[in-house]
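Labels A, B, C, D and E are assigned to the chains in the order they are written; within every chain, residues are numbered from 1.
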Amino acid sequence: MQIGIVIGNVWATRKEETLNGLKLMVVQRLDLASGKLAESYVAVDCVGAGRGERVLITTGSSARKALRDRDTPVDAAIVGILDQEEMMGKDAGE
Amino acid sequence: MQIGIVIGNVWATRKEETLNGLKLMVVQRLDLASGKLAESYVAVDCVGAGRGERVLITTGSSARKALRDRDTPVDAAIVGILDQEEMMGKDAGE
Amino acid sequence: MQIGIVIGNVWATRKEETLNGLKLMVVQRLDLASGKLAESYVAVDCVGAGRGERVLITTGSSARKALRDRDTPVDAAIVGILDQEEMMGKDAGE
Amino acid sequence: MQIGIVIGNVWATRKEETLNGLKLMVVQRLDLASGKLAESYVAVDCVGAGRGERVLITTGSSARKALRDRDTPVDAAIVGILDQEEMMGKDAGE
Amino acid sequence: MQIGIVIGNVWATRKEETLNGLKLMVVQRLDLASGKLAESYVAVDCVGAGRGERVLITTGSSARKALRDRDTPVDAAIVGILDQEEMMGKDAGE
(Lines give C-alpha, C1' and ligand atoms only; values in the text may rest on other atoms or scores of the structure.)
Protein backbone atom coordinates (compact mmCIF):
# COMPACT_ATOMS: atom_id res chain seq x y z
CA MET A 1 0.00 0.00 0.00
CA GLN A 2 1.09 3.57 -0.42
CA ILE A 3 1.21 6.41 2.06
CA GLY A 4 -0.33 9.61 0.74
CA ILE A 5 -1.45 13.04 1.85
CA VAL A 6 -4.96 14.19 0.89
CA ILE A 7 -4.49 17.42 -1.06
CA GLY A 8 -7.89 18.00 -2.67
CA ASN A 9 -11.13 16.73 -4.18
CA VAL A 10 -12.51 16.35 -7.68
CA TRP A 11 -16.09 16.05 -8.92
CA ALA A 12 -17.49 14.63 -12.15
CA THR A 13 -21.14 15.17 -13.03
CA ARG A 14 -20.91 12.95 -16.09
CA LYS A 15 -19.49 9.63 -14.94
CA GLU A 16 -19.82 5.87 -14.96
CA GLU A 17 -23.03 5.38 -12.96
CA THR A 18 -21.52 2.89 -10.52
CA LEU A 19 -19.28 5.74 -9.28
CA ASN A 20 -22.31 7.69 -8.00
CA GLY A 21 -22.01 8.65 -4.35
CA LEU A 22 -18.29 7.94 -4.06
CA LYS A 23 -15.97 10.63 -2.67
CA LEU A 24 -13.04 11.22 -5.06
CA MET A 25 -9.97 12.60 -3.30
CA VAL A 26 -6.68 13.77 -4.75
CA VAL A 27 -3.77 12.20 -2.89
CA GLN A 28 -0.05 12.81 -3.23
CA ARG A 29 2.25 9.91 -2.54
CA LEU A 30 4.68 10.34 0.36
CA ASP A 31 7.87 8.31 0.49
CA LEU A 32 8.45 7.76 4.21
CA ALA A 33 12.10 6.75 3.71
CA SER A 34 13.10 9.99 2.02
CA GLY A 35 10.30 12.21 3.33
CA LYS A 36 9.68 13.39 -0.25
CA LEU A 37 6.32 13.93 -1.92
CA ALA A 38 5.91 12.21 -5.29
CA GLU A 39 3.16 11.78 -7.92
CA SER A 40 -0.51 12.55 -7.25
CA TYR A 41 -3.63 10.64 -8.29
CA VAL A 42 -7.28 10.14 -7.36
CA ALA A 43 -8.47 7.63 -4.74
CA VAL A 44 -11.96 6.80 -3.46
CA ASP A 45 -12.34 7.52 0.24
CA CYS A 46 -13.60 4.58 2.34
CA VAL A 47 -12.81 5.87 5.85
CA GLY A 48 -13.87 9.52 6.12
CA ALA A 49 -10.47 11.09 5.40
CA GLY A 50 -9.97 14.86 5.39
CA ARG A 51 -7.58 17.19 3.61
CA GLY A 52 -4.08 17.27 4.99
CA GLU A 53 -4.33 13.83 6.61
CA ARG A 54 -1.83 11.06 6.01
CA VAL A 55 -3.64 8.07 4.62
CA LEU A 56 -3.07 4.45 3.59
CA ILE A 57 -4.01 3.76 -0.04
CA THR A 58 -4.60 0.40 -1.71
CA THR A 59 -4.22 0.26 -5.49
CA GLY A 60 -5.21 -2.06 -8.33
CA SER A 61 -7.85 -4.77 -8.10
CA SER A 62 -7.51 -4.73 -4.30
CA ALA A 63 -9.07 -1.27 -4.23
CA ARG A 64 -12.36 -2.79 -5.40
CA LYS A 65 -12.37 -5.02 -2.31
CA ALA A 66 -12.55 -1.93 -0.10
CA LEU A 67 -15.79 -0.94 -1.84
CA ARG A 68 -17.36 -4.35 -1.34
CA ASP A 69 -18.68 -4.00 -4.86
CA ARG A 70 -16.57 -6.06 -7.19
CA ASP A 71 -17.92 -4.31 -10.23
CA THR A 72 -17.05 -0.68 -9.48
CA PRO A 73 -14.35 0.60 -11.87
CA VAL A 74 -12.02 1.91 -9.16
CA ASP A 75 -8.24 1.32 -8.93
CA ALA A 76 -7.25 3.24 -5.78
CA ALA A 77 -8.96 3.47 -2.38
CA ILE A 78 -8.13 5.18 0.92
CA VAL A 79 -8.39 2.36 3.47
CA GLY A 80 -6.88 3.92 6.61
CA ILE A 81 -5.91 7.18 8.31
CA LEU A 82 -2.44 7.04 9.85
CA ASP A 83 -2.17 8.12 13.47
CA GLN A 84 1.26 6.74 14.38
CA GLU A 85 4.51 6.04 12.55
CA GLU A 86 7.68 4.50 13.90
CA MET A 87 10.72 4.54 11.67
CA MET A 88 14.11 2.97 12.44
CA GLY A 89 16.11 5.53 14.39
CA LYS A 90 13.05 7.77 14.66
CA ASP A 91 9.81 7.62 16.65
CA ALA A 92 7.04 9.93 15.65
CA GLY A 93 3.46 10.14 16.87
CA GLU A 94 1.48 12.07 14.29
CA MET B 1 -7.47 6.66 -10.76
CA GLN B 2 -5.55 9.08 -12.90
CA ILE B 3 -6.46 12.53 -14.17
CA GLY B 4 -5.80 12.98 -17.86
CA ILE B 5 -6.47 15.35 -20.73
CA VAL B 6 -7.90 13.94 -23.94
CA ILE B 7 -5.43 14.87 -26.69
CA GLY B 8 -6.50 12.70 -29.63
CA ASN B 9 -7.99 9.54 -31.07
CA VAL B 10 -6.62 6.42 -32.72
CA TRP B 11 -8.28 3.90 -35.01
CA ALA B 12 -7.40 0.30 -35.80
CA THR B 13 -9.14 -1.54 -38.63
CA ARG B 14 -7.45 -4.81 -37.81
CA LYS B 15 -8.10 -5.50 -34.14
CA GLU B 16 -9.26 -8.00 -31.56
CA GLU B 17 -12.94 -8.40 -32.47
CA THR B 18 -14.21 -7.68 -28.95
CA LEU B 19 -12.83 -4.14 -29.37
CA ASN B 20 -15.28 -3.39 -32.19
CA GLY B 21 -17.33 -0.26 -31.58
CA LEU B 22 -15.17 1.08 -28.77
CA LYS B 23 -13.86 4.66 -28.95
CA LEU B 24 -10.08 4.72 -28.41
CA MET B 25 -8.84 8.05 -27.06
CA VAL B 26 -5.31 9.24 -26.44
CA VAL B 27 -5.00 10.73 -22.96
CA GLN B 28 -2.06 12.50 -21.33
CA ARG B 29 -1.70 12.14 -17.58
CA LEU B 30 -1.92 15.34 -15.57
CA ASP B 31 -0.36 15.54 -12.12
CA LEU B 32 -2.66 17.89 -10.21
CA ALA B 33 -0.08 18.48 -7.44
CA SER B 34 2.57 19.84 -9.81
CA GLY B 35 0.33 20.86 -12.69
CA LYS B 36 2.65 19.00 -15.06
CA LEU B 37 1.65 16.79 -17.97
CA ALA B 38 3.24 13.34 -18.01
CA GLU B 39 3.07 10.16 -20.14
CA SER B 40 0.30 9.49 -22.68
CA TYR B 41 -1.58 6.28 -23.42
CA VAL B 42 -4.84 5.02 -24.93
CA ALA B 43 -8.09 4.66 -22.94
CA VAL B 44 -11.54 3.49 -23.98
CA ASP B 45 -14.16 6.19 -23.58
CA CYS B 46 -17.22 5.20 -21.48
CA VAL B 47 -18.76 8.63 -20.87
CA GLY B 48 -18.72 10.63 -24.12
CA ALA B 49 -15.54 12.60 -23.49
CA GLY B 50 -14.24 15.15 -25.99
CA ARG B 51 -10.80 16.46 -26.87
CA GLY B 52 -9.34 18.92 -24.42
CA GLU B 53 -11.48 17.73 -21.52
CA ARG B 54 -10.07 16.68 -18.17
CA VAL B 55 -11.12 13.13 -17.45
CA LEU B 56 -10.92 10.45 -14.75
CA ILE B 57 -9.23 7.26 -15.93
CA THR B 58 -9.33 3.82 -14.33
CA THR B 59 -6.53 1.41 -15.19
CA GLY B 60 -5.83 -2.30 -14.96
CA SER B 61 -8.46 -4.98 -14.43
CA SER B 62 -10.84 -2.33 -13.05
CA ALA B 63 -11.07 -0.80 -16.53
CA ARG B 64 -12.90 -3.91 -17.70
CA LYS B 65 -15.59 -3.28 -15.09
CA ALA B 66 -16.45 -0.01 -16.80
CA LEU B 67 -17.22 -1.92 -19.99
CA ARG B 68 -19.51 -4.38 -18.24
CA ASP B 69 -17.90 -7.04 -20.38
CA ARG B 70 -15.37 -8.92 -18.33
CA ASP B 71 -13.75 -10.40 -21.39
CA THR B 72 -12.78 -7.29 -23.33
CA PRO B 73 -8.98 -6.90 -23.44
CA VAL B 74 -8.91 -3.32 -22.18
CA ASP B 75 -6.63 -1.91 -19.44
CA ALA B 76 -7.64 1.77 -19.30
CA ALA B 77 -11.08 3.41 -19.39
CA ILE B 78 -12.34 6.97 -19.14
CA VAL B 79 -14.99 6.80 -16.39
CA GLY B 80 -15.72 10.47 -15.67
CA ILE B 81 -15.41 14.02 -16.98
CA LEU B 82 -14.14 16.45 -14.34
CA ASP B 83 -16.18 19.60 -13.84
CA GLN B 84 -14.80 20.80 -10.50
CA GLU B 85 -11.52 20.58 -8.63
CA GLU B 86 -10.67 21.86 -5.18
CA MET B 87 -7.06 21.74 -4.12
CA MET B 88 -5.68 22.75 -0.70
CA GLY B 89 -5.03 26.45 -0.81
CA LYS B 90 -6.71 26.72 -4.22
CA ASP B 91 -10.33 26.54 -5.40
CA ALA B 92 -10.93 26.13 -9.08
CA GLY B 93 -14.14 25.51 -10.98
CA GLU B 94 -13.23 24.16 -14.38
CA MET C 1 -3.51 0.53 -23.53
CA GLN C 2 -0.14 1.47 -24.86
CA ILE C 3 0.99 2.40 -28.36
CA GLY C 4 4.10 0.55 -29.46
CA ILE C 5 6.21 -0.14 -32.52
CA VAL C 6 7.08 -3.74 -33.32
CA ILE C 7 10.88 -3.91 -33.42
CA GLY C 8 11.63 -7.64 -33.39
CA ASN C 9 10.81 -11.19 -32.36
CA VAL C 10 12.10 -13.61 -29.75
CA TRP C 11 11.90 -17.39 -29.58
CA ALA C 12 12.14 -19.77 -26.63
CA THR C 13 12.43 -23.50 -27.20
CA ARG C 14 12.20 -24.27 -23.51
CA LYS C 15 9.07 -22.59 -22.23
CA GLU C 16 5.86 -22.95 -20.24
CA GLU C 17 3.89 -25.36 -22.42
CA THR C 18 0.78 -23.17 -22.59
CA LEU C 19 2.90 -20.65 -24.53
CA ASN C 20 3.36 -23.09 -27.43
CA GLY C 21 2.33 -21.62 -30.77
CA LEU C 22 2.20 -18.01 -29.60
CA LYS C 23 4.13 -15.35 -31.55
CA LEU C 24 6.35 -13.33 -29.19
CA MET C 25 7.10 -9.85 -30.50
CA VAL C 26 9.38 -7.19 -29.10
CA VAL C 27 7.58 -3.85 -28.92
CA GLN C 28 8.89 -0.43 -27.98
CA ARG C 29 6.48 1.95 -26.31
CA LEU C 30 5.76 5.18 -28.20
CA ASP C 31 4.50 8.24 -26.34
CA LEU C 32 2.21 9.96 -28.83
CA ALA C 33 2.22 13.24 -26.88
CA SER C 34 5.99 13.68 -27.05
CA GLY C 35 6.70 11.47 -30.05
CA LYS C 36 9.44 9.75 -28.04
CA LEU C 37 10.20 6.04 -27.91
CA ALA C 38 10.45 4.57 -24.43
CA GLU C 39 11.00 1.12 -22.84
CA SER C 40 10.69 -2.15 -24.77
CA TYR C 41 9.11 -5.44 -23.75
CA VAL C 42 7.59 -8.62 -25.21
CA ALA C 43 3.92 -8.94 -26.23
CA VAL C 44 1.99 -11.83 -27.74
CA ASP C 45 0.60 -11.00 -31.18
CA CYS C 46 -3.17 -11.57 -31.58
CA VAL C 47 -3.77 -9.69 -34.85
CA GLY C 48 -1.04 -10.57 -37.34
CA ALA C 49 1.21 -7.56 -36.71
CA GLY C 50 4.46 -7.06 -38.62
CA ARG C 51 7.75 -5.35 -37.85
CA GLY C 52 7.67 -1.59 -38.03
CA GLU C 53 3.92 -1.36 -37.51
CA ARG C 54 2.32 0.81 -34.83
CA VAL C 55 0.22 -1.38 -32.59
CA LEU C 56 -2.17 -1.20 -29.63
CA ILE C 57 -1.01 -3.23 -26.64
CA THR C 58 -3.05 -4.36 -23.63
CA THR C 59 -1.15 -5.21 -20.47
CA GLY C 60 -1.77 -7.05 -17.22
CA SER C 61 -4.60 -9.51 -16.63
CA SER C 62 -6.51 -7.99 -19.57
CA ALA C 63 -3.88 -9.41 -21.94
CA ARG C 64 -5.11 -12.89 -21.07
CA LYS C 65 -8.59 -11.96 -22.30
CA ALA C 66 -7.18 -11.40 -25.80
CA LEU C 67 -5.99 -15.00 -25.83
CA ARG C 68 -9.37 -16.36 -24.80
CA ASP C 69 -7.46 -18.73 -22.54
CA ARG C 70 -7.63 -17.51 -19.00
CA ASP C 71 -4.78 -19.72 -17.91
CA THR C 72 -2.00 -18.64 -20.27
CA PRO C 73 0.75 -16.82 -18.34
CA VAL C 74 0.85 -13.75 -20.57
CA ASP C 75 0.86 -10.09 -19.40
CA ALA C 76 1.00 -8.14 -22.69
CA ALA C 77 -0.86 -8.67 -25.97
CA ILE C 78 -1.00 -6.83 -29.28
CA VAL C 79 -4.74 -6.29 -29.85
CA GLY C 80 -4.80 -3.84 -32.77
CA ILE C 81 -2.81 -2.36 -35.65
CA LEU C 82 -3.15 1.42 -35.86
CA ASP C 83 -4.09 2.83 -39.24
CA GLN C 84 -5.14 6.35 -38.27
CA GLU C 85 -4.24 8.87 -35.58
CA GLU C 86 -5.70 12.28 -34.94
CA MET C 87 -4.00 14.46 -32.36
CA MET C 88 -5.13 17.92 -31.21
CA GLY C 89 -3.66 20.43 -33.60
CA LYS C 90 -2.43 17.62 -35.86
CA ASP C 91 -4.15 15.20 -38.25
CA ALA C 92 -2.14 12.27 -39.45
CA GLY C 93 -3.20 9.28 -41.50
CA GLU C 94 -0.55 6.61 -41.06
CA MET D 1 8.59 -10.24 -6.12
CA GLN D 2 10.62 -7.44 -4.66
CA ILE D 3 13.40 -7.49 -2.10
CA GLY D 4 12.94 -4.91 0.65
CA ILE D 5 14.32 -3.87 4.02
CA VAL D 6 11.86 -3.34 6.87
CA ILE D 7 12.41 0.23 8.04
CA GLY D 8 9.39 0.93 10.25
CA ASN D 9 5.74 0.45 11.16
CA VAL D 10 2.56 2.47 10.77
CA TRP D 11 -0.73 2.30 12.64
CA ALA D 12 -4.21 3.45 11.64
CA THR D 13 -6.98 3.53 14.23
CA ARG D 14 -9.60 4.46 11.65
CA LYS D 15 -9.37 1.90 8.86
CA GLU D 16 -11.23 -0.50 6.62
CA GLU D 17 -12.45 -3.09 9.15
CA THR D 18 -11.04 -6.06 7.24
CA LEU D 19 -7.56 -4.66 7.97
CA ASN D 20 -8.02 -5.16 11.74
CA GLY D 21 -5.24 -7.18 13.31
CA LEU D 22 -2.84 -6.91 10.38
CA LYS D 23 0.72 -5.66 10.98
CA LEU D 24 1.55 -2.80 8.61
CA MET D 25 5.28 -2.48 7.96
CA VAL D 26 7.16 0.15 6.00
CA VAL D 27 9.57 -1.47 3.56
CA GLN D 28 12.16 0.11 1.29
CA ARG D 29 12.89 -1.64 -1.99
CA LEU D 30 16.45 -2.89 -2.45
CA ASP D 31 17.83 -3.47 -5.94
CA LEU D 32 20.20 -6.42 -5.52
CA ALA D 33 21.93 -5.76 -8.85
CA SER D 34 23.02 -2.24 -7.93
CA GLY D 35 22.84 -2.53 -4.15
CA LYS D 36 20.81 0.70 -4.08
CA LEU D 37 17.76 1.43 -1.95
CA ALA D 38 14.74 2.75 -3.84
CA GLU D 39 11.13 3.75 -3.07
CA SER D 40 9.35 2.81 0.18
CA TYR D 41 5.79 1.60 0.74
CA VAL D 42 3.63 -0.32 3.21
CA ALA D 43 3.29 -4.12 3.21
CA VAL D 44 1.32 -6.46 5.47
CA ASP D 45 3.57 -8.86 7.37
CA CYS D 46 2.69 -12.57 6.98
CA VAL D 47 5.87 -14.16 8.38
CA GLY D 48 6.88 -12.35 11.58
CA ALA D 49 9.44 -10.00 10.04
CA GLY D 50 11.40 -7.53 12.17
CA ARG D 51 12.97 -4.16 11.48
CA GLY D 52 16.22 -4.25 9.57
CA GLU D 53 15.51 -7.64 8.01
CA ARG D 54 15.67 -8.29 4.26
CA VAL D 55 12.31 -9.59 3.12
CA LEU D 56 10.54 -10.91 0.04
CA ILE D 57 7.47 -8.89 -0.92
CA THR D 58 4.62 -9.88 -3.23
CA THR D 59 2.57 -7.08 -4.77
CA GLY D 60 -0.77 -6.66 -6.50
CA SER D 61 -3.61 -9.18 -6.41
CA SER D 62 -1.11 -11.89 -5.42
CA ALA D 63 -0.64 -10.18 -2.05
CA ARG D 64 -4.21 -11.09 -1.16
CA LYS D 65 -3.36 -14.77 -1.64
CA ALA D 66 -0.84 -14.53 1.21
CA LEU D 67 -3.65 -13.45 3.53
CA ARG D 68 -5.89 -16.33 2.56
CA ASP D 69 -8.73 -13.83 2.56
CA ARG D 70 -9.57 -12.85 -0.97
CA ASP D 71 -11.52 -9.84 0.14
CA THR D 72 -8.92 -7.94 2.17
CA PRO D 73 -7.94 -4.69 0.39
CA VAL D 74 -4.20 -5.29 0.50
CA ASP D 75 -1.75 -4.87 -2.41
CA ALA D 76 1.63 -5.76 -0.83
CA ALA D 77 2.58 -8.58 1.57
CA ILE D 78 5.82 -9.75 3.15
CA VAL D 79 5.96 -13.46 2.29
CA GLY D 80 9.51 -14.43 3.26
CA ILE D 81 12.57 -13.43 5.28
CA LEU D 82 15.80 -13.79 3.28
CA ASP D 83 18.59 -15.72 4.93
CA GLN D 84 20.85 -16.39 1.95
CA GLU D 85 21.70 -14.67 -1.31
CA GLU D 86 24.00 -15.82 -4.08
CA MET D 87 24.77 -13.38 -6.84
CA MET D 88 26.87 -14.05 -9.96
CA GLY D 89 30.46 -13.38 -9.05
CA LYS D 90 29.52 -12.99 -5.38
CA ASP D 91 28.42 -15.40 -2.63
CA ALA D 92 26.94 -13.91 0.48
CA GLY D 93 25.30 -15.59 3.45
CA GLU D 94 23.29 -13.01 5.34
CA MET E 1 6.42 -9.91 -20.66
CA GLN E 2 9.88 -8.75 -19.77
CA ILE E 3 13.27 -9.98 -20.89
CA GLY E 4 15.68 -10.51 -18.02
CA ILE E 5 19.05 -12.03 -17.23
CA VAL E 6 19.29 -14.43 -14.29
CA ILE E 7 21.91 -12.94 -11.96
CA GLY E 8 21.47 -14.90 -8.74
CA ASN E 9 19.31 -16.80 -6.26
CA VAL E 10 17.78 -16.05 -2.88
CA TRP E 11 16.57 -18.36 -0.13
CA ALA E 12 14.11 -17.79 2.70
CA THR E 13 13.78 -20.37 5.47
CA ARG E 14 10.88 -18.54 7.07
CA LYS E 15 8.28 -18.00 4.36
CA GLU E 16 4.65 -18.30 3.36
CA GLU E 17 4.19 -22.10 3.30
CA THR E 18 2.75 -22.17 -0.22
CA LEU E 19 6.15 -20.96 -1.45
CA ASN E 20 7.85 -24.17 -0.28
CA GLY E 21 9.81 -25.89 -3.02
CA LEU E 22 9.83 -22.95 -5.41
CA LYS E 23 13.13 -21.73 -6.86
CA LEU E 24 13.54 -17.98 -6.30
CA MET E 25 15.84 -16.36 -8.86
CA VAL E 26 17.09 -12.80 -9.05
CA VAL E 27 16.58 -11.39 -12.53
CA GLN E 28 17.69 -8.08 -14.01
CA ARG E 29 15.50 -6.55 -16.68
CA LEU E 30 17.11 -6.09 -20.09
CA ASP E 31 15.74 -3.52 -22.51
CA LEU E 32 16.32 -5.06 -25.94
CA ALA E 33 15.82 -1.75 -27.76
CA SER E 34 18.62 0.05 -25.91
CA GLY E 35 20.61 -2.99 -24.78
CA LYS E 36 20.66 -1.56 -21.24
CA LEU E 37 20.17 -3.45 -18.01
CA ALA E 38 17.56 -1.98 -15.66
CA GLU E 39 15.98 -2.83 -12.28
CA SER E 40 16.28 -6.28 -10.66
CA TYR E 41 13.67 -8.34 -8.81
CA VAL E 42 12.84 -11.91 -7.82
CA ALA E 43 10.97 -14.36 -10.07
CA VAL E 44 9.95 -17.98 -9.54
CA ASP E 45 11.57 -20.32 -12.06
CA CYS E 46 9.14 -22.55 -14.00
CA VAL E 47 11.45 -23.78 -16.78
CA GLY E 48 14.81 -24.78 -15.28
CA ALA E 49 16.66 -21.53 -15.99
CA GLY E 50 20.32 -21.07 -15.04
CA ARG E 51 22.44 -18.08 -14.13
CA GLY E 52 23.48 -15.90 -17.03
CA GLU E 53 20.61 -17.03 -19.26
CA ARG E 54 18.23 -14.62 -20.97
CA VAL E 55 14.71 -15.42 -19.86
CA LEU E 56 11.10 -14.41 -20.50
CA ILE E 57 9.31 -13.21 -17.35
CA THR E 58 5.58 -12.82 -16.79
CA THR E 59 4.48 -10.46 -14.02
CA GLY E 60 1.35 -9.75 -12.00
CA SER E 61 -1.60 -12.11 -11.67
CA SER E 62 -0.50 -13.90 -14.85
CA ALA E 63 2.57 -15.20 -12.99
CA ARG E 64 0.26 -17.34 -10.85
CA LYS E 65 -1.03 -19.05 -14.00
CA ALA E 66 2.47 -20.38 -14.67
CA LEU E 67 2.40 -22.14 -11.31
CA ARG E 68 -0.95 -23.76 -11.96
CA ASP E 69 -1.80 -22.94 -8.37
CA ARG E 70 -4.04 -19.92 -8.26
CA ASP E 71 -3.40 -19.37 -4.59
CA THR E 72 0.39 -19.04 -4.50
CA PRO E 73 1.40 -15.45 -3.61
CA VAL E 74 3.76 -14.96 -6.55
CA ASP E 75 3.88 -11.93 -8.87
CA ALA E 76 6.73 -12.81 -11.27
CA ALA E 77 7.59 -16.08 -13.01
CA ILE E 78 10.22 -17.17 -15.51
CA VAL E 79 8.21 -18.81 -18.30
CA GLY E 80 10.79 -19.23 -21.08
CA ILE E 81 14.50 -19.34 -21.91
CA LEU E 82 15.36 -17.28 -24.98
CA ASP E 83 17.40 -19.01 -27.65
CA GLN E 84 16.90 -16.64 -30.57
CA GLU E 85 16.29 -12.94 -31.06
CA GLU E 86 15.72 -11.01 -34.26
CA MET E 87 15.66 -7.25 -34.06
CA MET E 88 14.97 -4.84 -36.93
CA GLY E 89 18.25 -4.22 -38.69
CA LYS E 90 19.94 -6.92 -36.59
CA ASP E 91 19.80 -10.72 -36.53
CA ALA E 92 21.24 -12.48 -33.54
CA GLY E 93 21.18 -16.12 -32.60
CA GLU E 94 22.03 -16.42 -28.91
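By definition in this document, a contact is a pair of C-beta atoms (placed from the backbone, for glycine too) under 8 Å apart; a residue touches a chain by one contact, two chains touch by 3 or more.
Treat the numbers as computed from the prediction; the structure is a model and nothing was measured.
Chemist: If you average the CA atoms of subunit B and of subunit C, how far apart do the two points sit, in angstrom?
Modeler: Averaging C-alpha atoms per chain gives centres 20 Å apart.
Chemist: Please tell me the distance, in whole Å, between the geometric centres of subunit B and subunit D computed from their C-alpha atoms.
Modeler: 32
Chemist: Of all residues in subunit B, which are in touch with two or more distinct other chains?
Modeler: Only 60-61, 63 qualify.
Chemist: Indicate which of the five shapes (line, ring, star, complete, other) describes how the chains touch one another.
Modeler: Its topology is that of a ring.
Chemist: Ring order from subunit A, via subunit B next?
Modeler: A, B, C, E, D
Chemist: For subunit D, which residues are in contact with subunit A within the complex?
Modeler: 7-16, 18-19, 24, 26, 28, 37, 39-43, 51-52, 60-61, 63-64, 70-76
Chemist: Enumerate the contact residues on subunit D facing subunit E in the complex.
Modeler: So the residues of subunit D in touch with subunit E come to 1-3, 31-34, 38, 46-48, 56, 58-63, 65-66, 77, 79-88, 90.
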